[in-house]
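Two complexes, one shared chain (subunit A), two partners (subunit B, subunit C).
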Partner chain A sequence: MHDDRRGTRRRGVVVALLVVFFAASVANLCVGPVVIAPMEVMRTLAGALGLAMGEPDTLTRAVILDIRLPRVLVGAVAGAAAGVTGATLQGLFRNPVADPHLLGIGPGASLGGALGSLTGSVQGAIAGGAVGGMVAALIVRRLGRSRATEPSRFVLTGLALGAAISAWVGFVVFAADRTRVPPIDFWLLGNLGASTWATLGTLVATAGVGLLGLLGAARTLDLFALGEADARRLGVDVDMASLVILLGVGAVTGAAVGAVGVVVFIGLVVPHLVRRLAGAAHRVVLVGSAVGGAAMMLLADLGARTVISPQEIPVGLLTAAIGGPFFLWLIRRPEVPRL
Partner chain B sequence: MKLRSLAIAVAMTLVVAACGDDQTTTTTVAPTTTTSAATTTSAATTTTPTTVPLVIVGDDGETSEISDASRIVSLSGDLTEILFALGAGDRVVAVDVTTTFPEEAADLPSVGFGQMLAAEAVLAMEPTVVLANDLTDPVEAIAQIRGAGIPVVVLATGGSFDAVGHKIRTVADIVGMAAEGDALASHVDAEIAVATALAASAESTPRVAFIYTRGPQLMLLFGIGIGTNAMIEGANAVDVGAEMMIFGAAPLSAEALIAAAPDVIVFPEAGLAALGGVDALLDAVPGVADTPAGANGAFLAYDEAFFFNLGPRAGTALMQFVLDLHPDLAG
Partner chain C sequence: MTLVAHGVSYRVGTAEILASADLAFAAGEMVAVVGPNGAGKTTLLHVLAGDLEPTTGSVTHDTDALQEMPALELALRRAVLDQGGPQDIPFPVAAVVALGRSPHRRAEANSARADRAATEAAMDAVGVGHLADRVFATLSAGERALASLARILAQESPVLLLDEPTAALDIAVEERIMAMLRERAAERIVITVLHDLNLAARYADRAILLADGVVAADGRPEEVFTPASLSEVYRHPIEVVPHPLRKGLLILVV
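Moving on to the complex of A and B:
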């Protein structure tokens, strides 16, 4: 009876997040400097699927199918990646402020992405980001192992690692071919403006498997929440599991960073919100963080595209401006959510 | 492609879910939405004059077919100037922030900064042609505009006076004013030749640094490949930025500036004002006081678009610079 009610509540939270995500997607598809009526948007999408609903003009087609739609989808995947990786690290390290961008994995991904972008292709940037993220994740794993008992020290270590790696990102940006490497603000504040179908294809191919894998690790993370000793007693190969999970986090974070740059706070805000609303079981935290992360990214991008329209601002400005204060409020609340 | 169809299917479901629901529940609103959508479509499809398209190869190597140059978005200040000088200013519907001259052009709607371009901002102006330069970024945005069927002609801003005639003639071709373009280009080239010849007769060859600034936090030394290099060398002076093998712009270090020992330092007017004028300059920019220019107070300031756009005003700008730089020639 009690479990049933909790199940209903969990489903309700995920459904509510899905609704927000859908609304944000639709708003991004319908709103922009080029005025296109919602019905026309739908007709264009239908037409692209071969459904006869009248032929939209070239401009409408290009704006909906080649600018807005790939951007929405890239944003959704990158947002889901940010939400899931944040939730995963918080569970793995039993640390409420664990996040790839705080622990140095994001900067590692940036460095890999900046080096990868020297190939002049988005594929290179995303692949480079994934490799950089995984390497940084391995470093974080070593650091995490030696000081695992002190959460604040662990986060400081991650911050220092991140700052050190970020310096090299700056070095690549300022010293290498500026026509190929995205500018420094991309690696600090993110930008969805260059999202194309090629970006989406590469992002899904690179981050997709990792993302599904992390969602599948929910049960393992639940056991980790009991403490490593208990998890080991319950049959978890703690070393192997944490290695695989961290590599997954590195790859997923890295691919997202290579595609859209560094967008902060999603991985900190969304998982906490989901835990507060739906409890700490990782199955719901991870799924909720995926949907909620996508929703937060798209809402922020809607703002980024419209605040000073027709000009755009980096999407990370909005996630930080909204997410930062919200996170402060969240962690100052008396009942810090149990992991 | 499979991914794309799947994505479109999902997106369509979303739109149907949101927009469609609205219509079934509020029946009175629904017809209005439909009619307005229909009007938009018919309005957007009416303009297509049927002439033979003009084929232009841009400096990026891309070929553009232009059949209508009635609505132009210019993403480069020099190209805007050329359009207005040709008398085609009324066709410019929007510009980017690099357009500061002439005044009526600067007052046009802005699509933001061409080096941080959003494709939709340009498309919203319903252009028939977009003019961009080699710094326009991200390149994905250019591809997206081309994908919408709008030709984008990329013309390199250039770092030598050869660029002036090339840009004027190409822009003139685009707007169908080849004869006017030829005349304007020849006129400007002649002005440049006169100024260069005059400069060549000067007694001295001063060392000149162009320092780009917008205030104390941004100091760049310009070098090879920028209009300032053409101006300085055309004025029979040594460009210390080029001498230091700076390609484009480089952050200015005080020591490098002292080592370069410029006799004259040129600033953009607005940047100098932001620093607090010539008086505040020596305090604001480290190193300047220890150069010959600093010791003699030999500073020059020009409107940046005037000085290094390499547009229709290049000849006038060069002549003024030559006279300012070589006072012995003025008499």
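Moving on to the complex of A and C:
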């Protein structure tokens, strides 16, 4: 009976997050310099899928299908990536403040992405980001070995590593050809403005497998909650599992950073929120963080596009401005474990 | 079914924590490992569990060497209740106990129904059914010890290695748990590290007395728990008398 109640609650939380995600998606498709009515958006999407529902005019079609839809989808994948990788690292290190961007994996991905974008292609940026993220993840693995359970030192080490790597991103950006390499604010604060269908295709091809793999690691992460010694005693090859999971986190984070830059705080805020609402079982936390991360990214991008319209501000400014205080509030609240 | 240590020793640097121990265990006996602090009890347990690789010698379960076994195979053969381990596990007790079923999940004969049945049976055996929905991290130390023990039982392995399973428990619960473990020992190998010599005398069929990494005595409690050997190993006068109210021994600190 209690199991049923818990299951109902978990499903309710995921459904609620899906509703927020769809609402944010539709809002992003409607709002902008040209405002398009939701019905018009639906008609255009239906038309693109081959369902005739009357002909929207070509401008509307172009704005939605060529500009806004790829941006929404890229944002959704990058947001899901941020939510899932944050939740994964928190579970792997049993540390509530673990996050790829705090531990240097994000900056590593920035450096790789900046170097990759010297090729002048989004494919290069995303592939470079994935490689940079994986290399940084391997460095974090060495650090995590001895310090993961000591939160302050672990995070300080990650911050120092991240700051040092970010400086190198700056060198690359300022030394390189400005027409090829995105500007420094993209690498530090993120921006969805350059998203095209090519971005989406490369992002899905690069991050998709990793994301599915991380979602499949839920049970292993549950076992890590018992500590590495007991996880091993229950049959987990701890070294191999942590290596594969960290490489997955590095690749997924890196691909997302290559596509949209560094967008902070999603991976810290969303998993905590999901855990508060639906309990700590990783199957739910990971799925909820994917949907919630996508929703948070799209809500932030809605703000980024409209706050000082027609000018756009970096989306990471909004996630930090909202996510930072929200995270402080979350971690200051007395821990009331649920379910 | 047997678990055998062939001349195992364990060294850290030049310190010899365990010195060439030869021990054989078979199903049907409840074994207590006793000895002063630092005698090597926990190290012996971890070597027998395959958690620590012995510096010399080997441990075999039914003639298969533990050192060469993959983690999953090992998990089907033995379960270990540790003293350490995180206490802040954020899952409900029922979910924590169910994690003990993980080694079985790939087995063809296993089913979700079997997992549920084993999880419930383990919680009932230990007496934590009423805590099933409580989050592990919010329990008292004694309740956490019981929930962890239930997880070990849910693993349903033929060898149980327990490091002070009753250290955090009150007298009544302690007696109940030791009686339950003794029952299980009929068909399994149950080896527990114990500090309480009287508990060992009451429930163990066999006691192993360790001193400075060496097996000082190994046999039935009446053979091992003599005033002379205990006084010498613990470096404190200890008297042993027949228990006035029941069968067995009563060990007294003088």
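By our rule, the second predicted complex is superposed on the first by the 333 of 339 C-alpha atoms of A that agree within 3 Å, B and C clash if a C-alpha of one lies under 4 Å from a C-alpha of the other, contacts with A are read in each partner's own complex, and residues count from 1 in each chain.
Everything below uses one rule, namely that contacts are C-beta pairs under 8 Å (C-beta built on N, C-alpha and C of every residue); 3 or more make two chains touch, one makes a residue touch a chain.
The structure displayed is predicted, hence computed values, not measured ones.
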Once both complexes are superposed via subunit A, do subunit B and subunit C end up clashing or fitting?
fit
Three-chain overlay: angle at subunit A's Cα centre between subunit B and subunit C, nearest 10 degrees, stands at 160
Taking the superposition as given, does A:A281 touch the first partner, subunit B, the second, subunit C, both, or neither?
second
Scan A:E40 for contacts with subunit B and subunit C and give back first, second, both or neither.
first
Please work out whether A:V209 is in contact with subunit B alone, subunit C alone, both, or neither, and reply first, second, both or neither.
neither
Subunit B versus subunit C, judged by how many residues of subunit A each one touches:
B
Partner chain(s) touched by A:D66 [first = subunit B, second = subunit C, both, neither]:
first
Now for A:R94: first (subunit B), second (subunit C), both, or neither, which partner does it touch?
second
Who does A:R233 touch here: subunit B (first), subunit C (second), both, or neither?
second
First, second, both or neither for A:L156, with subunit B first and subunit C second:
neither
Superposition-derived minimum Cα distance between subunit C and subunit B (Å):
34
Subunit B-touching residues of subunit A, taken from the complex the two chains share:
22-23, 25-26, 29-30, 32-43, 45-46, 48-49, 54, 56-63, 65-70, 72-73, 182, 193-197, 200-201, 204, 305, 309-312
Per the touch rule above, subunit B residues touching subunit A in the complex are 3-5, 7-9, 11-12, 14-20, 33-34, 36-37, 40-41, 44-45, 110-113, 116, 118-121, 123-124, 126, 138, 140-141, 143-144, 147-150
For a test of understanding, state which residues of subunit A touch subunit C in their complex under the given definition.
2-3, 6, 94, 219, 222-223, 225-227, 229-230, 232-238, 275, 279-281, 337-339
Mind pulling up the subunit C residues that touch subunit A in the complex?
49, 51, 70-72, 74-76, 79-80, 82, 84-86, 88-92, 94-96, 99-100, 102-103, 105, 132-133, 135, 137-138, 155
